[in-house]
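There are two complexes below, and they share subunit A, which is joined by subunit B in the first and by subunit C in the second.
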Partner chain A sequence: MIADDKDVLRDVWFGRIPTCFTLYQDEVTEREAEPFYLLLPRVSYLTLVTDKVKKHFLKVMKAEDVEEIWFEYEGTPLKWHYPIGLLFDLHASNTSLPWSITVHFKNFPERDLLHCPCNSVIEAHFMSSIKEADALKHKSQVINDMQKKDHKQLWMGLQNDKFDQFWAINRKLMEYPTEEGGFRYIPFRIYLTMSDRPFIQKLFRPISPDGHTHTLGDLLKEVYPVAIANEAKRYQVVIHGIEPLLETPLQWLSEHLSHPDNFLHISVIPAPSD
Partner chain B sequence: MSSCVLDEETFCRCCQLFLEHSHSLCDGWSWQLVKGSEEGYLRKVALGNVRIRTSSNPNQITDQYIQGASSDQRQGRTSPFTPHKENDDDHNDEQYYDDDDGAVCCMQDSRSSGVIQYEYHILYSYSYQTPVLYFRASTLEGRSLSLEEVWDGVHPNYRQRLQHGPWDTITQQEHPLLGQSFFVLHPCRTEEFMRPVLQAALEEHRQVNYVVTWLSVVGPVVGLDVPLSYCTKVPAPSHTSPSPLQPPALQTQPD
Partner chain C sequence: MVVMAERRLECSWKRHVVEQLKQRDRVQRHAFEEIIHQYNRLLEKSDLQTVLSERYQSDKYDLQNRHDSSPGLDLSRNDSLQQEMAQMRIRHQEELTELHKKRGELAQSVIELNHQIQQKDKEIQSNEAKMEEYQRQIAELEGECRELRGKLQDLEQANQTLKDEYDALQITFGALEEKLRRTTDDNQELVSRWMAEKSQEANKLNAENEKDCKRRQAKLQKELAEAAKEPLPLDPDDDIEVLAEDSGKGTGETSPNRPLSRTPSKRVSGQSPQSSLLGSISNIFGRRPGNSYGSSPECTETPSGVCADVRVPATALHVFEAHDGEVNAVRFSPGSRLLATGGMDRRVKLWEVVSGRCEPKGALTGSNAGITSIEFDSAGSYLLAASNDFASRIWTVDDFRLRHTLTGHSGKVLAARFLLDNARIVSGSYDRTLKLWDLRSKVCMKTVFAGSSCNDIVCTEQCVMSGHFDKRVRFWDIRAESIVRELELMGRVTSLDLNHDRTELLTCSRDDLVKIIDLRSNAVRQTFSAQGFKCGADWTRVTFSPDGSYVAGGSADGALYIWNVLTGKLERTLDKNHSSAINSVSWSPSGAYVVSVEKGCKAVLWSDM
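Up next, the complex of A and B:
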C-alpha cells in the first residue's frame, strides 16, 4: 500500500453525515421535543452512536411510553445493522443535508428490523461480518489465527472511533500471498433500491484465471449488469458517497474502500433526473 | 478433497432430491424462487404448540420483552444469548421437548398455551459454501416471537453447546433474499461437523446428500423434525464424473 492510499483509508474512516433527529409526532411527550443534531460516522452503526439522541428525547418522555428505539427515513425503517453511510447513500443520497431521521419509541416493526437490545448485539453482528469476509478472502485462516484480544481490538477501535487501533489489526485482514495477486474472493454486497431483494452477494474473484485484474465494471457486468447496461445513465454506483470509476481494480477497492466490517457495500441508486 | 464444501449446483440438486421425498411424505417443504433470478430456497411452514410467556394480559408479552430488552440496566443478563433459566429442574426436562408436531416446547407455571407458526428456510451461503437454516416464529395473531422465546424452544441439551460464542449460536439476522428478520443458526461451524461425516462416507464408498445430512443435525436443534426416512431414502445427487463406486450391497457378487 503506497502512502497516498493511506489517506484514502483515513478519509473513509472519518467520513461524517450531518443528521437531524426529530421525534415522531405521535410519540407521547410531556413537553415539546426539540430536534437533535449530530454528525454521524459513515462507517459506524445507528444504534452504536445515538446514545445522546436517545437521552435527549427521553428527557421529555415518561418511562412507560418508551420501548426499543428505532429510526425511520421518509416512512422506511432504517436497518441499524447496515453501516450508516450505506443507509444514507441508499435512501438519501441526492437530497439536501442535514439528513432528516425520525425517531420512534413504539410500534417496533418486528418483521423489518432486527432487535438491538444492547451493544453486544452490534458487536456480534460486526464480528460476524468480519468473519464472513475473511471466509471469502482467506478461507477464514487469518481471522481464526488471531487471538480473542485482536478480535476485541477491532470492535473497540470501531466503537471508540480509533483509526490506528483498528487498522493495527485490520491490516492483517488486508494481506494476501503475493503469488495470488489478491484475495480468494472479494467480500461485497450490491444494494438495490428498486427490488424486494435487499442485496446481491455472489462469489467473485479479483483476478481472472488468465491473470488479468478485474474491475468494478467487470463485477457489475457479471453480477448486476442492469447497473451499467443503460446508455441513458439511469443509475449511479455509489461507495462511501462517491462514484468510483468503473475501471478501478476490485482488489484495490476491497483493500481501501471496504467498511470496517471488511465488506464493500455498493449502492445502486437511480441517478438524479435534473 | 473439497468434498466438505458444497457448491451451489450440488446444493440445488440435493434440494431437488430432498423435495421429492418430502412430497412423498407430505412433509410440507417447497421450493421458492427469487423473483427475477434463478436462485431459490427450500421453505416449510409448520404449526406447533408452545407455552409462551405471558402474564394475565397476553398483549403484555411484547411490552415485557421490549422494555426488558431496551433497558441498559437489565439485571443478570450480560448477553442477549443467555436463554431463560427458569425451568432447569431435572424433572421438568423430560416433558420439555415434544417432538410430535416438529416445533414444540412445553413449559410450566404461569404460561398460556398458544399455537405458534414456524417458518423454516434453507438457503445457500456463498461465503461459507454450506446450507444455512433461517427460521422465524409467530403467533397466529401475527406477533413475532422474541429471541428469548425462541431459545425456550431449543432443547436444553443443545442450549449449552450453543452458548459458547456468538458464532455458535442463534441470532437474529436479515434474510438475504427477503430482507426480513429471521433467526439463524450461524453457518461458520458447519464444515466442522460435516467433515467427519463426509469423510467417513467417502471411506466407505457411500454417497451422501449434503442437505439431508446437514439438516438432520441442525434441524432438531430448533425444533424442526426430520423423519428418519430422509436419511435412508433420499439419494445423493449423481456426479457427472466417471461412474462413482457403488456401495458394496449393490455390487453383484460372483458365486
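Up next, the complex of A and C:
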C-alpha cells in the first residue's frame, strides 16, 4: 500500500504533457520559424519551463520586435500562475495530443494575464500558495516552524525538478496529529470552464464531526453539487489528468494528489459527447 | 470484517487512481517522448547547417567579388579552379603563418628554458659550496666532540679515583671513630674506677682518722683515768678541781704546757688563758658552750705566750709568684706548716713552708670568681674561702676536695669565717647582709641585714664583729641575732683581727689608721699610723702577731709596716720587695714567718733570719 502511495507521488510529480509551441503568424520574423515541441511538466509553471522555447523563437526574430512572451491556446491567454497540468486539464483535456500552444511576443493582454518579469515572481507566488495551504491545514504552524532554507529547498526542488529534494521538506506539510485524523481543513480549488468565478474555494473538513472520513463525492456534494448531479454524467472531475472515484477519501487525495503548492486543483469539465 | 471491507474499498479507489495515472502517462508521455526528443535533435542540426551555410555563403561572395575584375573565357571554369587554388593557397599560407608563429613561440620557450637552466646551475653551485662549508664545520665539530669526550673520560676517571679515596677514608674514619669510642669508654671506666678507688681511699682515710681519733680518745681516757687514779704527782691546781667546776675559772692559772703537750690537738695558740687542759678537753669533745671564754675578760692581759716565739721579720726569704693575678688573701694554717693564698685567678693555692721557702703543694679549685678571704678551721683540716661569685666554699685540706658550696648571697662574699665551734660559718657580703650557715645541713640558718657592705668579720664565742663600708664596726650577738653595739670609725673599715685571747680588736680603715679597740671597754686603746702607710683598698688586711705584741699591715706603696703594740711605735718598715700595693698579711702562728701578698701576683715570705 505504501509502495503504491510512493508510486502515486512519483507519477504525479513526473507527469508530462506533450506540447507544440507555434509562433503566432503575425509576429515579424526574419525567416520561417519551425514549431518547437516540448514535454511540459504538469506540476510546474509555464514561464518557468519555457526558456528553450523563447530561445528558439528569438533566433528568427529581431530584438526590437520582442516584448514579454505570452502564451495562448485557441484564443484563450494562458495564465502562467496556474500549474501547467491544470491549464491542460481545464482547456484541452479531451483534445488530440500534442497540445498546441501559440507563442506571442507582442500585445501582452494586460487584462487577462499577470506579468512575469523574472523567476522570483513565480517563487513568490508559489511560496504564498504553500503558506495559504498550510494555513488551512495546520493553522500555519508547520510552515512557520520551518526555516528559510527549507522554504528555499521547496522552491529549488520544483525549479530543478528534484522529487526527493522537494518531498524531504514537503512531507512535513503532509503530517497531521494522529488524534485529529487529518488536516484541519483541506486546501482545494475547483475550477470551472463555464463560469464567471475563477474557482471555488471553501472551508471543508476531512473528517466529519461524527468521525467518518469525507470523500471526494462528499466535497462535491457540499461545494458544487452540480458536478455530480446525475444527468447522464455531464461532468468530469479531473485531477492531474485522471478521474478519481468519488469514494476516494479527501484526506488521502490532499496528501497524495496535491500539486507542489499543496493545493488540490480540481477541474470540472463537460464530459465529451461521444 | 469491516476492516477487510474498508481495505478492499481502499484498494479499489487507490488502485483506480494508480491505474489511471499509469494510463495517462502512457498516452500523454511515453507516446511522444521519443519523437519530441528526435525532433529537437533534428532542429539543432538544421540550425547548425544554417549557420554553416551562411558562413560559406559569405565566403563565396567575397571570392566572387575579387574575381570579377579578370575577365576570361572559361570564366566559370577558371573561376572555379582559381577559386579552388586560391582557397588552397590561402590555406597553405595560413598554415605557414601558423607554423612560423609556432616556431617563434618554441624559440622563445627554448630561451626561457635555457635561462632557467642557468639559474638552476647557479643554485646548484651555491648549494654545493654551502655543503662543503657545512661538511667542514661538521669535521671541526666532530674534532671538538672527540676532544670533549676525551676530557670527559679523564674527568670521570679522576672522579672515580676521588670517590675511591673518599670511600677508603670513610672506612678509616669509621674505624677510628670506633676506636675512639672504645677508648673513651675505657677511659670513662677507668676514671670511674679511679674515682671509686679514691672515694674508697678517702673513706679509708676517714675511717682511719676516726679510728685514730677514737684511739687517741681512748688513750686519753685511759690516761685521764690513770691520772685520776694517781693522786700524788699532780699539782694542786688540778684537773679534778677543774673538772668539778664546770665554769672553769682558773683565775691566775697559767696553765702548764705539759697537759697541752699531752694533747695531740693541733691548736698552737692558746685558746684560753686558764687551764689549757680544760681547753683541750673542750677542744676534743667540741661544742661546749664557751662559758670558759665568757670569763676571759677577767683574766690577765698577758698573752699566754703559748709556743708563739714571735720574731719581727727583717728580710724577705722568698719572693715568688703566687697567682696569675692579684693576690687578695693569705693565711697560715694553724699548724704553721701550710700557707694558703687566694687570688683573682679563682684559685686557692697551698704552699708548704719548708726551709725558708714556700713550696707549692696544691691548688683548690671550684670557685668561679676571685677569692676574697681565706680561713682555716681550728683544726686546720678545712679551708673556707669566700669568693666574688657570691658563694663561699669549703675544701678539705688534705685531699684538696671541695666539700661544700654555700650559695645564697646576692653579692660578692667579702669575708667568711668559721664560728668557734667549726660547725657554723658566718659570711659577710657586698649585698649588705650577713649569713649564718650550718655546716651539717649546709643551709643558711640566719640572714641579718647589716645595712652596709661588710668587708671583714671576726668571731668570738658569743659575738660576731663585722666591719662595714659605712665606717662602722657592728657587734652581733649570735643567739639574739641583733646588734649589740656599733662603733664608728673615721674611714671605711677594711680589716678586723682579734688577738689570741680575744680581748682586743684590731681594725684598719681607709683613713690610713690602724686601731686597737679594747673589747671590754669598747674604746680605742691605740692608734697606729705611719708616714707612708696608706690603706690601699677596701680589703687591705692587717694582722696581730700571734702573741699580740706586734701589728703588721701592708701599705699601698708596697711596704710592710710593723708596729709594736706595747710602745705604740713603728717597729720596722719592709719596703724592698713588693712592687705593688699589699693586699693582705698573715703571721704564722709559730711566730717565725710573715707572708704578705700584693696586687701584683707576688707573695713574700719574711722572717728575721
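Here are a few things to note about the model shown:
Here, the second predicted complex is superposed on the first by the 273 of 274 C-alpha atoms of A that agree within 3 Å, B and C clash if a C-alpha of one lies under 4 Å from a C-alpha of the other, contacts with A are read in each partner's own complex, and residues count from 1 in each chain.
Please note the rule applied: a contact is a pair of C-beta atoms (placed from the backbone, for glycine too) under 8 Å apart; a residue touches a chain by one contact, two chains touch by 3 or more.
Note that the coordinates shown come from a computational prediction; the quantities given were computed from them, not determined experimentally.
After superposition onto subunit A, the modelled positions of subunit B and subunit C are compatible, with room for both.
In the superposition on chain A, A:Glu179 makes contact with neither subunit B nor subunit C.
Of the two partner chains, subunit B is the only one touched by A:Arg111; subunit C is not. Once chain A of one complex is fitted onto chain A of the other, the partner contacts of A:Asp210 are absent, as it touches neither subunit B nor subunit C. Within the superposed three-chain model, A:Glu132 lies in touch with subunit B and out of touch with subunit C [touch as defined at top].
After superposing the two complexes on chain A, the angle subtended at the C-alpha centre of subunit A by the centres of subunit B and subunit C comes to 80 degrees, rounded to the nearest 10.
Within the superposed three-chain model, A:Ile69 lies in touch with subunit B and out of touch with subunit C [touch as defined at top]. Taking every C-alpha of subunit B against every C-alpha of subunit C after the fit on chain A, the minimum distance is 24 Å.
Contact residues of subunit B toward subunit A in the complex are 34-37, 63, 66-67, 69-70, 72, 74, 78-81, 126-128, 143-144, 146-147, 166-167, 171-174, 176-181, 186, 188. Remark: subunit C residues 9-18, 20-25, 27-29, 31-33, 35-36, 39-40, 43, 46-47 touch subunit A in the complex.
Residues 66-69, 79, 81, 108, 110-115, 117-118, 120-121, 123-125, 127-128, 131-133, 135-136, 140, 187, 195-199, 201-203 of subunit A touch subunit B in their complex. For subunit A in complex with subunit C, the touching residues are 1, 4, 7-8, 11-12, 14-18, 34, 36-39, 56, 59, 97-98, 240-245, 247-249, 252, 257.
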